[in-house]
Amino acid sequence: MPRKKITLENTIDSLSILDEKGKVDKKLEPKLSKDDLLKLFRAMTLARRYDERMLKLQRQGRIGTYGPALGQEAASLGPAFAIDESDWYVPSFREPAGMLYRGWPMARLMLWWGGNEIGATPLPKMNDMPISVPVASQIQYGAGIAWGLKLDGGDRVAVAFVGDGGTSEGDFHEGLNCAAAFGLPLVVVIQNNHWAISLPRHKQSASKTLAQKAIAYGIDGIQTDGNDILAMVEATREAVAKARKGGGPTLIEAVTYRMGVHTTADDPTKYRKDEEVEPWKPKDPLVRFWKYISDKGVLDEAGREQMEKEVTAQISEAVEASESYEPNLMEPFDHCFAERTPALEQQRAQFEAYLNGNGNGKASGSAPVSHSAVH
Amino acid sequence: MPRKKITLENTIDSLSILDEKGKVDKKLEPKLSKDDLLKLFRAMTLARRYDERMLKLQRQGRIGTYGPALGQEAASLGPAFAIDESDWYVPSFREPAGMLYRGWPMARLMLWWGGNEIGATPLPKMNDMPISVPVASQIQYGAGIAWGLKLDGGDRVAVAFVGDGGTSEGDFHEGLNCAAAFGLPLVVVIQNNHWAISLPRHKQSASKTLAQKAIAYGIDGIQTDGNDILAMVEATREAVAKARKGGGPTLIEAVTYRMGVHTTADDPTKYRKDEEVEPWKPKDPLVRFWKYISDKGVLDEAGREQMEKEVTAQISEAVEASESYEPNLMEPFDHCFAERTPALEQQRAQFEAYLNGNGNGKASGSAPVSHSAVH
Amino acid sequence: MAMLNMAKALNLALREALAENDKAIILGQDVGYDEGVFRITEGLLKQFGEERVVDFPVAESAIIGLAIGLCVTGYTPICEMQFSGFGYHGFHQIESHATRLRNRTRGRFTCPMVIRMPYGGGIRAIEHHSESRETIWAHLPGMKVVIPSGPRNARALLRASIQDPDPVMFYEPKASYRAFREEVPDEPETMEIGKAQVVREGNDVTIISYGASMRPVLEAAEELEEDHGIDAELIDLLSLVPLDRDTINASVRKTGRCVVVHEAPKHIGPAAEVVAGIVEDSLLYLEAPIERVTGYDLVLPFFNSELPFMPDVRKVISATQKVLSF
Amino acid sequence: MAMLNMAKALNLALREALAENDKAIILGQDVGYDEGVFRITEGLLKQFGEERVVDFPVAESAIIGLAIGLCVTGYTPICEMQFSGFGYHGFHQIESHATRLRNRTRGRFTCPMVIRMPYGGGIRAIEHHSESRETIWAHLPGMKVVIPSGPRNARALLRASIQDPDPVMFYEPKASYRAFREEVPDEPETMEIGKAQVVREGNDVTIISYGASMRPVLEAAEELEEDHGIDAELIDLLSLVPLDRDTINASVRKTGRCVVVHEAPKHIGPAAEVVAGIVEDSLLYLEAPIERVTGYDLVLPFFNSELPFMPDVRKVISATQKVLSF
């Protein structure tokens, strides 16, 4: 009795199914139809090409600062795939793969990065929250959504995302602690891409893994190979199944890597060596998944080329759609409150007069744009 | 490789040395001189009697709302005893035992609860922070103090306190995570008294122990019998020794119980059964420590009576001192900034005129006091 | 009609909300079994159960944050912050999401939540339990700020706030919880948010206030009339967002003189906005500078010294006399 | 003398502080190896090492909270919040401790910390990166709020803020970081906190502003003179706490007319305080209502729409004309 080790009740596992060479662990291989495999591959391809195009658009000054998710496609897609449409998907800001899979019109995502609220507006029936900027804050409303789902009495779940850096925030802690204490159907996926802008993973926290932070909340944690789409699907399926049965939250640490810049305003050469990036290249989630499905005979080179063409066309269409969008400058006055207050009514009138004043609605002479370092 | 348990590197132990019957585990018994044992017993007695007197003063309307620490004397005293004067003691609000031991004039603590800033002012050379009200916020400045000590280059440490309820706050998480990531000489003691006002421990967090929250930060945690002064001394000594050697923070969960009200504004019969309190009575830290030192021949009944008399006298003196204190109403204008701003200069003049207006400086006709339920 | 104090009146409004709207949920620290540290949620757990009246861990950011998620899934959360002095922990959730979600999603998601916070001094509480920081909330675009002054308007405004489709900061003058009783109608009563009330008509000077400060102001008005023959018009703002400039202007245009009273610090406080609005709309009607009777730009002292630092009858009277003798 | 932009000028002040005061420590996200997302801390890690320039985890409450502890142990922390939109996470630490520690301990412990935050719109940033919420800080008793407008005063005021024995919110107009250069003296230069500057003398009207808005205001003044023959006096407040009412009064008493300009929302914004102060001190000198040219009471729209929602030259000109034609 006097001095003892305390037995911890929660499991912290690690999971990897499809290795870097595209070899699968047969015992763990999740059941996926050919159709599923194709869907997943297309979604990953689409996300990759979208990212590449966005980087180009940014360089051309056609959108604002952009935060790519290159190399992280599996980590955000797996959970999107493993849940139902009626479940909720609560992204942070590096989940274009999952968001596109969930049905966000690509043009809207482009418009978000182009500085338009319409890019944060999901389609009428989507159970999806928009991109969230304040790091870790979305864990809280993710938990709140899970609470609502629990109160609704069905078996729906919410999946919320956060970065490795975000685990340092108080909101990460409060959200997970409350979700666990209330037994909410919430799955939290940490996209551990090893960097919070310039702060490497090991300087963010002294914990060996991020998955083990689950112990603090009395829930299970699992560290997955985040570049392994099969592991991501499987880990999420397990967590979701548990949550649906009232088993409460699970913490998934998806170990992945930020292959590119934090955002286009960032210059990673200041703080990380190319050598660190190198070993991650062969771990590319697309490369190994391609190996897997082509070995399986699900898709051949010709099919893949065809798919790439379709994806390119889809992206170009989205670019066009987004660039033909014109924001309505009066709209902000309609969306502050359900009804305008007298002050807003008056300010709206002033603003309208101002816009009419020189016919084009653009401010003249105000601070010129200078945002070299804004991420 | 594919699916594995992750081995956690930190230890979560439990520790108890002096059992409920006053029987000691010889292997673990910390080295304490007769003088030390007497000091500890006197300090616990003093804190207990202080608390009792404060409750009376509150009932008599001579101080404001009071939050007693009855039964928690060992948990706050052990760490105070185990550190040096040059170390820092960072209390929450239920550490009168440790604060008095550290040298806070008792009259000042009384003045704090009587609504006077002087009660938050440590003596010139004390390395002590005052009572902290916003739950868990002190973990942050505790970590900052530890940081300062580390930068100073010596081997001094800081010990900071928080309640079980406080572990739900984001500040608990951020403070500990940063302290661990920076390797700061900080010891955090959770006084788990099983209640956060009306919220029982098990509803605050799904984690089986609070000590295991250490795992989230990659540090060791230890759950101690918080009513066992020997375990508290020993656990703190270990943690402090590690911190002095650059080993970083430790989390100590002192398992104790809130024997009384949350504060005098609280009515625990609304949310907890007397039956729950009963089993804790025999665990009283004073009772068992008295058994231990009297068995050891350190103190006899007569000595104890003498000690009680001295303690009573000391408390009465403090009551008198505190009640002869008159706050200087002009003082707040001197302590907002090092130098008054023009606005404060003007406001001070207005205030002075106001005070002189009716000669007694008391506001007439303002909202009468009504605080039945303020804790 | 029952004679209720403000605590009971608020309790009535909450009870009605839970009964009328089965999506309404009360969440906060100690709101359940303990019935709230001020007993505002008395009896509600018993009547509506643990699902509707939720004891929350000590995590204010999570109270707001989870409430936002509840809103997204169609619920109407009514949050209690135990004291306004601990509401700051949720500031970022309020600023970043609660006040923005409607705008951000072009109305797809909204936050019809209420955040109740007891504020203000004068109850002999320890540090952090006596602040008046309504300014910081009222300055944030996208949130209404309602501050009742008596039992009847507290009940009616809390009902309105819960029904409001947008986030409402409901700032409760805790010194008034049990200070007096008023007749509160049995049948549900709602007041429109954003309308100030002329609670006393007068011709010599306009005194504008809200919340706990209404009590010394009312007393001062009586005394001004009786002892000094001054006929003051009193306006109870009742909400800072929206601010009822029409009512203010009408009165000031009549009296030409004005005093604004609140507990909050003076510097960039609500009184400054009242004055600036009057200058914009009614400058030419002003016959004297407008006096502000407010808290000082200091942290309110610990309770043994706090009363002289708050607005009181004497301060209101002398400011009014000053305005009138200009 | 070197021609520096504001980013370089701030960098200079930080470099000087680290060199002169070995207790000074810079802490914040990405301030070290990355040299700050705006490169304000360029070269500092290299020169002073990891102990003095500390890359902090993404935990804003901890940045402030730990800085308070550093103060207690005799250090001078200079905190960077990456954007003012993420400073709210530290609100409770600032309100509860940083601004109160001196008062609470009767001067035994103090908080001579500086909190730097880039604020404001106009840089095509994503949501939460464009706010102007100086009001919420300036309303808190116990903290100074300094807002520079150009390279030279930025350097001198940052030096003064770091030397100040009390907490200073140093709110940096990020749109001005690289907008223009100015001569900045090589030798250390310090400005007194709390003194406004008359940056242009004039007789017809007083235009008061600060921070990033000074640029459209200056341009407007030129245009007012050239195109409309209006001779405007311009005041750059430079700090909101302390607020320099003397300089404001002197100018308004001369011109009788006034326009106040800022990016922050209008409702209970700094302009309201400026107006209320003028009413208290100089009402009889006013010849026209005071116009406020401010942000609307809206969240600043996403960047594709933001510019028309900010104060600009045309808005300042038309408000000034309105004040003059009254």
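By letter and in written order, the chains are A, B, C and D; residue numbering begins at 1 in each of them.
In this section, a contact is a pair of C-beta atoms (placed from the backbone, for glycine too) under 8 Å apart; a residue touches a chain by one contact, two chains touch by 3 or more.
Given the structure is predicted, the values throughout are model-derived calculations rather than measurements.
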Chain pair with the higher count of C-beta pairs in contact (B-D, B-C): B-C
Centroid-based (C-alpha) most distant chain relative to chain B: A
Separation of mean Cα positions, chain C and chain B [Å, integer]: 35
Between chain D and chain B, distance of the C-alpha-averaged centres to the nearest whole Å: 40
Between chain D and chain C, distance of the C-alpha-averaged centres to the nearest whole Å: 30
Mean-CA-position distance for chain B and chain A (Å): 43
Where chain C touches two or more other chains, by residue: 56-57, 59, 61-62, 85-86, 89, 92, 96, 103-104, 127-128, 141-142, 241, 243, 267, 296-299
Chain A: positions in contact with at least two other chains: 117, 120, 133-134, 168-171, 174, 177-178, 181, 203-205, 332, 336, 341, 343
Residues on chain B engaged by chain D in the complex (per definition of touch): 117-118, 120-122, 124, 129-130, 133-134, 137, 139-149, 151-152, 158, 170-171, 174-175, 177-178, 181, 331-332, 334-338, 341-343
Partner chain D, residues of chain A touching it in the complex: 64-65, 112-117, 119-120, 133-136, 165-166, 168-170, 196-199, 203-205, 265-266, 270-271, 327, 329, 332-333, 336, 341, 343-344, 347, 351, 354-355, 357-358, 361-375
Residue ranges of chain C touching chain A (in the complex, touch as defined): 25, 51, 56-57, 59, 61-62, 64-75, 92-93, 96-97, 102-110, 141-142, 144, 164-166, 194, 241-246
Residue numbers on chain A that touch chain B, as the complex places them: 1-6, 8-9, 11-17, 25, 27-28, 168-174, 177-178, 180-181, 183, 203-209, 211-213, 215-219, 223, 248
Residue numbers on chain C that touch chain D, as the complex places them: 85-86, 88-89, 91-92, 95-96, 99-100, 103-104, 127-128, 133, 135-136, 138-142, 240-241, 243, 264-265, 267-273, 275-276, 279-281, 283, 286, 288-292, 296-299
